[in-house]
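Which chain is which? They are A, B, C, D, E, F, G and H, in the order written, and residues in each are numbered from 1.
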Amino acid sequence: MKPWKPDIDRKMVFKSVREYPPMAVSLYTMMFNKTGTWRTVRPVINYEKCVYCLMCWKFCPEPAIYLEPIEVKGKERMKPIIDYDYCKGCMICAEECPVKAIEGVEEER
Amino acid sequence: MKPWKPDIDRKMVFKSVREYPPMAVSLYTMMFNKTGTWRTVRPVINYEKCVYCLMCWKFCPEPAIYLEPIEVKGKERMKPIIDYDYCKGCMICAEECPVKAIEGVEEER
Amino acid sequence: MRKVLMGNHALSYGATLSRVQVIAAYPITPQTQVVELLSEIVADGKLKAKFIRVESEHSAMAACIGASAAGARAFTATSAQGLALMHEMLHWAVGARTPIVLGNINRAMAPPWTIWTEQNDSLSQRDTGWMQVYCQNNQEVLDSVIQAYKVSERVLLPTMIVLDAFVLSHTYEVVDIPEQEKVDEYLPPYNPPYKLDPDEPHAFGGLTGPDGYFELRYIIEKAMEESREVWRETGKEFGEVFGREYGLTEEYKTGDAEFLIVASATIASTARVAVDVMREKGKKVGLLRIRVIRPFPFDEVRECLKGRKKVLVIDRNVSFGFGGIFYQEVKSAMYNEEHRPPIFGIITGLGGRDVRVEDIMEMVEDVERREKPEDIIWKGVRV
Amino acid sequence: MRKVLMGNHALSYGATLSRVQVIAAYPITPQTQVVELLSEIVADGKLKAKFIRVESEHSAMAACIGASAAGARAFTATSAQGLALMHEMLHWAVGARTPIVLGNINRAMAPPWTIWTEQNDSLSQRDTGWMQVYCQNNQEVLDSVIQAYKVSERVLLPTMIVLDAFVLSHTYEVVDIPEQEKVDEYLPPYNPPYKLDPDEPHAFGGLTGPDGYFELRYIIEKAMEESREVWRETGKEFGEVFGREYGLTEEYKTGDAEFLIVASATIASTARVAVDVMREKGKKVGLLRIRVIRPFPFDEVRECLKGRKKVLVIDRNVSFGFGGIFYQEVKSAMYNEEHRPPIFGIITGLGGRDVRVEDIMEMVEDVERREKPEDIIWKGVRV
Amino acid sequence: MRLPLPEREVMTPGHLACQGCGAALTMRLALKALGPRTVLSIPACCWSVIDGPFPHSTVNVPLFHTAFETAASTASGIRAAFEILGKEDVNVVAWAGDGGTYDIGIQALSGAAERNDNIIYICYDNEAYMNTGIQRSAATPLGAWTTTTPVKHPKSEPKKDMVSILAAHRIPYIATATIAYPEDLVRKLERAKETKGTKFILILSPCPPGWKTRPEDTVKLSRLAVQSRVFPLLEIENGEKWILNMNIKKPVPVVEYLKLQGRFRHLKEEDIQRIQEYVDKEWERILKRCGLA
Amino acid sequence: MRLPLPEREVMTPGHLACQGCGAALTMRLALKALGPRTVLSIPACCWSVIDGPFPHSTVNVPLFHTAFETAASTASGIRAAFEILGKEDVNVVAWAGDGGTYDIGIQALSGAAERNDNIIYICYDNEAYMNTGIQRSAATPLGAWTTTTPVKHPKSEPKKDMVSILAAHRIPYIATATIAYPEDLVRKLERAKETKGTKFILILSPCPPGWKTRPEDTVKLSRLAVQSRVFPLLEIENGEKWILNMNIKKPVPVVEYLKLQGRFRHLKEEDIQRIQEYVDKEWERILKRCGLA
Amino acid sequence: MIEIRFHGRGGQGTVVASKILADAVSKEGKWVQAFPEFGVERRGAPVTAFIRIDEQPVYIKSKIYQPQHIVVLDPTLIQAVNVTEGLKEGGWIIINTERKPEDFNFGPYKVATVDATRIAIKYRLGSKTAPIVNTAILGAVVNVLGLCRLDTLLDAVKEGVPVKPEENAEAAKEAYESVRKEEQ
Amino acid sequence: MIEIRFHGRGGQGTVVASKILADAVSKEGKWVQAFPEFGVERRGAPVTAFIRIDEQPVYIKSKIYQPQHIVVLDPTLIQAVNVTEGLKEGGWIIINTERKPEDFNFGPYKVATVDATRIAIKYRLGSKTAPIVNTAILGAVVNVLGLCRLDTLLDAVKEGVPVKPEENAEAAKEAYESVRKEEQ
């Protein structure tokens, strides 16, 4: 399960001055902003190699990696899942993965 | 000899705006300001007692003590002289004089 | 309770009666007594407030803004250099819509160093969006602080209570101090629509592009416009509760006046005496005191100036390269009116140069003699 | 030399050609390139100047003042928050009579955070005594820096060169860069009448009571008044030497214009195109661009407005609780004139909202339809 | 299952940081430690942009954007309000960049520290003014390029020693941390939460465009900074008791750290040597203050 | 005849200081050392009044009155101008009170120190805002009364340790001095003149109305401050090498110093005891830093 | 309207004197205005303060150039400054001095003297070298000018001083009783 | 007047491209105006820049809403943003891509493609993972739109880049020659 849900889909732009609050106060999260479009390289986790150390999760600056509980060889584990809606393709996860389980794939050009 | 001379006698107040410099720049010293009028007690040096250590001179904040060369028992000395035009009567000199050669005399009331 | 108070203490009492919760202030002559007294009142436990002894005025205003955004009633006081040092934060308080009240003691700006009265410090803030109230006596100072919180918190804009250095700040006058209970009834607690609250997390002041900034500024201006009526109401209600009524302006013997003096602050008070003297001599003179310059009291000024033979605006300030600021603004307000009396402007009393009854009478005579107004007429410069 | 320059670099080149000697500046979007380029030019030894990388704008202005008082030509550049943080020191530079030149990139004031253009930052400084030049293109930016030193050092008042954020600061335009030799001829070295000099020890800015402060302020105002003529002369002489003439204002197709648009900065530039389009449609429209707002060009404005059927002042700024600042000042300047056309004011483009040719044409149409001006008309707010 | 860090994400994605932004990761980790009962006072810095445009925000805690020089004083005001309003259980955090801390905000910070106001001051240090496009700050290291210290005249002064300056203020708790060691970072913030008075946490946060580094190297650089002794991990109590959290016995040569960064590309060998010597000397000083030498 | 101090008086009498003003004596002595080729940048403080009204001045050297928070930055600007104009032989001196140094001016000072601008910064320390009528500054000592720290709530924080803060800036020369030891004061200023970079000199300058003391006790108090170890006489080179100029082996009890001062009159015995302990602890710290313990 | 000028020295409580007097007359329903000479004078330097008293609210906010009466807190000031500047004819000059009114010659003005210094020392107001005479002299002022009842003054004194309310009131009372007025 | 919009990503030198083009056409005596989309976009995020070219001085200072032509520096942008927004009918879309013009379908618009990435890598402009294509693509632009002579462009490129002037010029030249235009 993703731990977050965007509360609106598009950038909120008030249509009329009457809709404005008195000052610039935030009413929504930033999750409308699909920063996946920034990516030119896509990190892909090879779960065959993955050892569930969660280094990738720890270091993702977005965060664009969320966790899902799974069982691996009878043990409770957390599986890192990349949310490509937000992953900017910085490749820190790949760089920090101790077993090099994350590969970079060029986005189509 | 006094080491200073007031360059004007009264506080300078320009009579006309035409006399002003473009900004507030000083053109005179503060010696017009006879701070002797602040004094309610007058320090008086008893040169009989004085040992010419110059403590009084060193510590006068105004400075209202100036020095004059004299000969004392064949030796060159500097004699401290109080300028009552400026002495404010703080009595630091008296307090610091090691031989208590300075006495406080009340100004007339 | 009748008490003899200096203007600075009138500010402190006004703040205390308003039950301010956070005070952040920095000393400056001639404001120091405001802060010293508050500091004692808080130390004595007579006011449940937090006093922050900041290291500069800049931080004073920042702390007030933080406190106000977090839901506390905030107060500060300053003067001249201190107010100027707050300038960026004065803008901030407006954009953040934090209804802070600030007491400013009008002092001329350095250099040269000076501590005497002049309005350039506060009028240099006229474009920041602060409401500004110019007081003519210490009673008004105290009363205005209380009113200011009421208006400010309703329209979410900060207010500056302005008083002349020494002429009010250090002058002891008889002041009636209202009872706390009545003030509590008059002034409800502060409860802004949005505040810093972990239970309802909002970000305040986030980046806003050309698609939204314009509207937010428009809303501020609308609040300013609304505030005119709120000041009027609040001032009237104040009269009902405390027996002293206030408006955006105040008129004195204007009814049949052909010659109208427009003035502010303590010059207006002295001008009142001058009006009496001139009336005795048979001159049809009246006085319009501008109490609130932001929001500008368009209606009151227009209504009062209509049909006068001559108008004289006295300024204790100057916008270099333009002229007296009240003069400028009054003319501007009157421009598109049908009846446009000739308006004359005189600049006087800068840097605390004393303005006496005789001076005001001379100004009136001078203007009576003149045919055409000039951009700047000076009175009192030694030529 | 013809070169494609961004507005910010036009400022840097202007300063370099003026052989500034001390630069103290602090970065802020959208000003950063000014400082970055100067920092390189100095590091490369192409300009014999000392670059002080201060820790804030407040210190930037203080350092410039110190340098100028010590006899060096000083320069800085900033924007919005930075300018506001300098506020106390802007007053200082005027009282100290230090002829500093400051490039200000017009950016709207926070909060909310924003970086786009609006004139509230610089116009909030209109009462400090700085001269202010609003530029419409990058050529003018560069040329104005050079002129500014000439004027400033003659009248001992500082000048602010103002340009719109992004619309000029980050826009590349073709600019003719004058030759250094010619600039050297045009602009003599800085040599103030009093400076910090151990051989002639003076104290600057000492305590001044009501007996002297008034006169010193009067002298500043007189310098401002003198500067009008100096700007005119200097702008004309600039034309003689460099082929580009400048005045306090600029007129475009005003000759027979019945409808006059008054605007400043880049809106004036776009308005010029709008005038052309409307003229083609047969409308008798003209344009008055106010280039210098301090000192206010009373004569030029009065002369140009005389006899028009309608006047529209466009403001990219607002003094909350009063209205557009150019509108206010133009009305004020015209008040006591004999021929007083109806003057309308429109506020638009705040926070960088784009102002297009069509927008200006719509404003003109709107005003044509109206009978009576209002204190504030808004154009572009999404209602 | 025990995770190495709190699982909760207080911060959401979608924010405006560059690819591989250290400062974004710093916030994410810090908010994990601080939790939702936190208020942020943020002055001008990259984070005033990263958080997103009105009416949006990425942090999910109350955030007050404030003027560049006022992170600490705004926080002091917020804290004072909460004290009077009886909200004692909230972390009031001033969150500023190095420019807002070492330079333009140092006075407000020094004032708050002197009054010992009960706030946590976090400086995420990317060693220059990044939000305005990479200008020198007092935190910019010796020899680095920025747009105001061009390669011909790279920064000639060493980084201001902010930690010692704060230590001289004798505040109850000071710590340094960096994103390569999230557990250490989280622990320190938890200590800060529990300590009354002014707390100062300096967090090295590499910045790819500003340092001219590859986005994927952000964490690596942060680790190298520690391993090369360039950025010692410290805790200081009451300005007196200095604790070195990680005594790097076998340091990586500083050049390993520098050579990944474009901002040091212009350095000659002797320059690098000088930097190495400087780092060695500073390390000695720290060992001494920690009672380890 | 050899005098204990330079005979020349750069400063003239007639100035506006109170009777027995320590700050006035500080200036007199400092100008003896600095000589006429000195420029002063003076922010708001008692000295903006003492020097006298326009068009008069008491100091006889160029003096630029500047805004309260800008003593250092104005001096930096003056120095930059002199460098470009080729006037290298002038002492550029920022001259500020403790408020202008410890509080509102600390940022400008910190900035100048970080850039190591070639100025002498002199703080005459009378331990409160005196010019505005005795309000608390960060230099006000623990337990003292001021108008903003009323006797019911006297100052609860110790004096800010400005010397250590400046030492953490690693400027080439720092010294403390006081008017009771004029020869020491003059020597230190002479060293400052000869050193390139930023110099910081802290001079304790008792103030009769502010301290509620008798005017005649000004010098005595200054001496007692040293003799009781309240105000150690120090020199610090490059922030690293600490030198104690006068190792007070047999200190006068602090109470001897306090009891002459009205601002401490409200203190109870246990308060004085606490202050004594604080002074002892600080002395230990200084001995340690000077390598004497 | 009555206008009075006080002469004293910085640090002597000259302004406080005018303020306490204002308190007193206001207690009896009058309108007052008391203010210092707006200066930066330091401890020891000559200073002045003013008071206006009227039956009506006081609107005028300018300075006092022609006072009706003068009060001199420190006798050494008589040499230092021109205390009679602007003084209206027939006005009183009330001086703190050990001397008698007859010892002074102020032309068209009337002189009253009181040894407020002795009284202040007696009641331990201030120190022996720097006695605080500001409350004592008010007793003399009230006696000579009759601005309010002695009782009212004593109440105002007790409320207006930071320490030793009783002693201050006693001092004022003694001065009230011991003031010596020039024969008319 | 010709108005062109550039699409790129933060950090790719999109504005520099428009500036160099401005330099080039200005060298041939034209008047130009080049400016970025005024935003705060970060490294990696989509950005735009604009240029206006005219025979007369350009007075208009508003933004460009309806460009005649579009230049796309990064092919992945075609998915991310609506590159044809406001584009006038018949305009060119010049794309850095390895694909052929025919691979795109942009309705009423004409497409030209050039593999600027390959060219940039070939001339070692930027790094292999982040090649800097801004100068290369200008060759294609000048060819397709004929805004100035190739020579002039190459001069402008050499002056306008901070490093590797020759390589950048070569890249622009190669792009000029290898651009593929949609059949008309």
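Things worth noting here:
The criterion applied here is as follows: contacts are C-beta pairs under 8 Å (C-beta built on N, C-alpha and C of every residue); 3 or more make two chains touch, one makes a residue touch a chain.
No experiment lies behind these values; they were computed from the predicted model shown.
Listed by label, the chains touching chain A and chain D alike are C, E, H. The chain with its C-alpha centre at the largest distance from the centre of chain H is G.
Each chain gets one centre point, the mean of its Cα atoms, and the points for chain A and chain H are 32 Å apart. Chain A and chain E, compared by their mean Cα positions, are separated by 24 Å.
Work out the mean CA point of chain D and of chain G, and you get 56 Å between them.
Across the assembly, chain A contributes 14, 17, 21, 23-27, 35, 38, 88-89 as residues in contact with two or more other chains. The multi-chain contact residues of chain C, meaning those touching 2 or more other chains, are 29, 53, 55-56, 81, 85, 88, 92, 95-96, 110-113, 116, 202-209, 211-212, 215-216, 218, 352, 354, 381-382. Touching of two or more other chains is recorded for residues 16-17, 19, 21, 48-49, 51-57, 60, 63, 65, 67, 69, 103-104, 106-107, 110-111, 114-115, 138, 208, 215 of chain F.
By the touch criterion stated above, chain B contacts chain G in their complex at residues 35, 37-41, 88-89, 107-109. Against chain D, the residues of chain B that register as touching in their complex are 13-14, 17, 20-27. Against chain F, the residues of chain B that register as touching in their complex are 3-4, 6, 11-12, 14, 21, 24-35, 38, 54, 58-64, 67, 69, 76-78, 83, 85-86, 88-92, 94-96. Partner chain B is touched in their complex by these residues of chain C: 111-112, 381-383. The residues of chain H lying in touch with chain A in their complex are 9, 44-46, 74-76, 79-81, 97-98, 117, 129.
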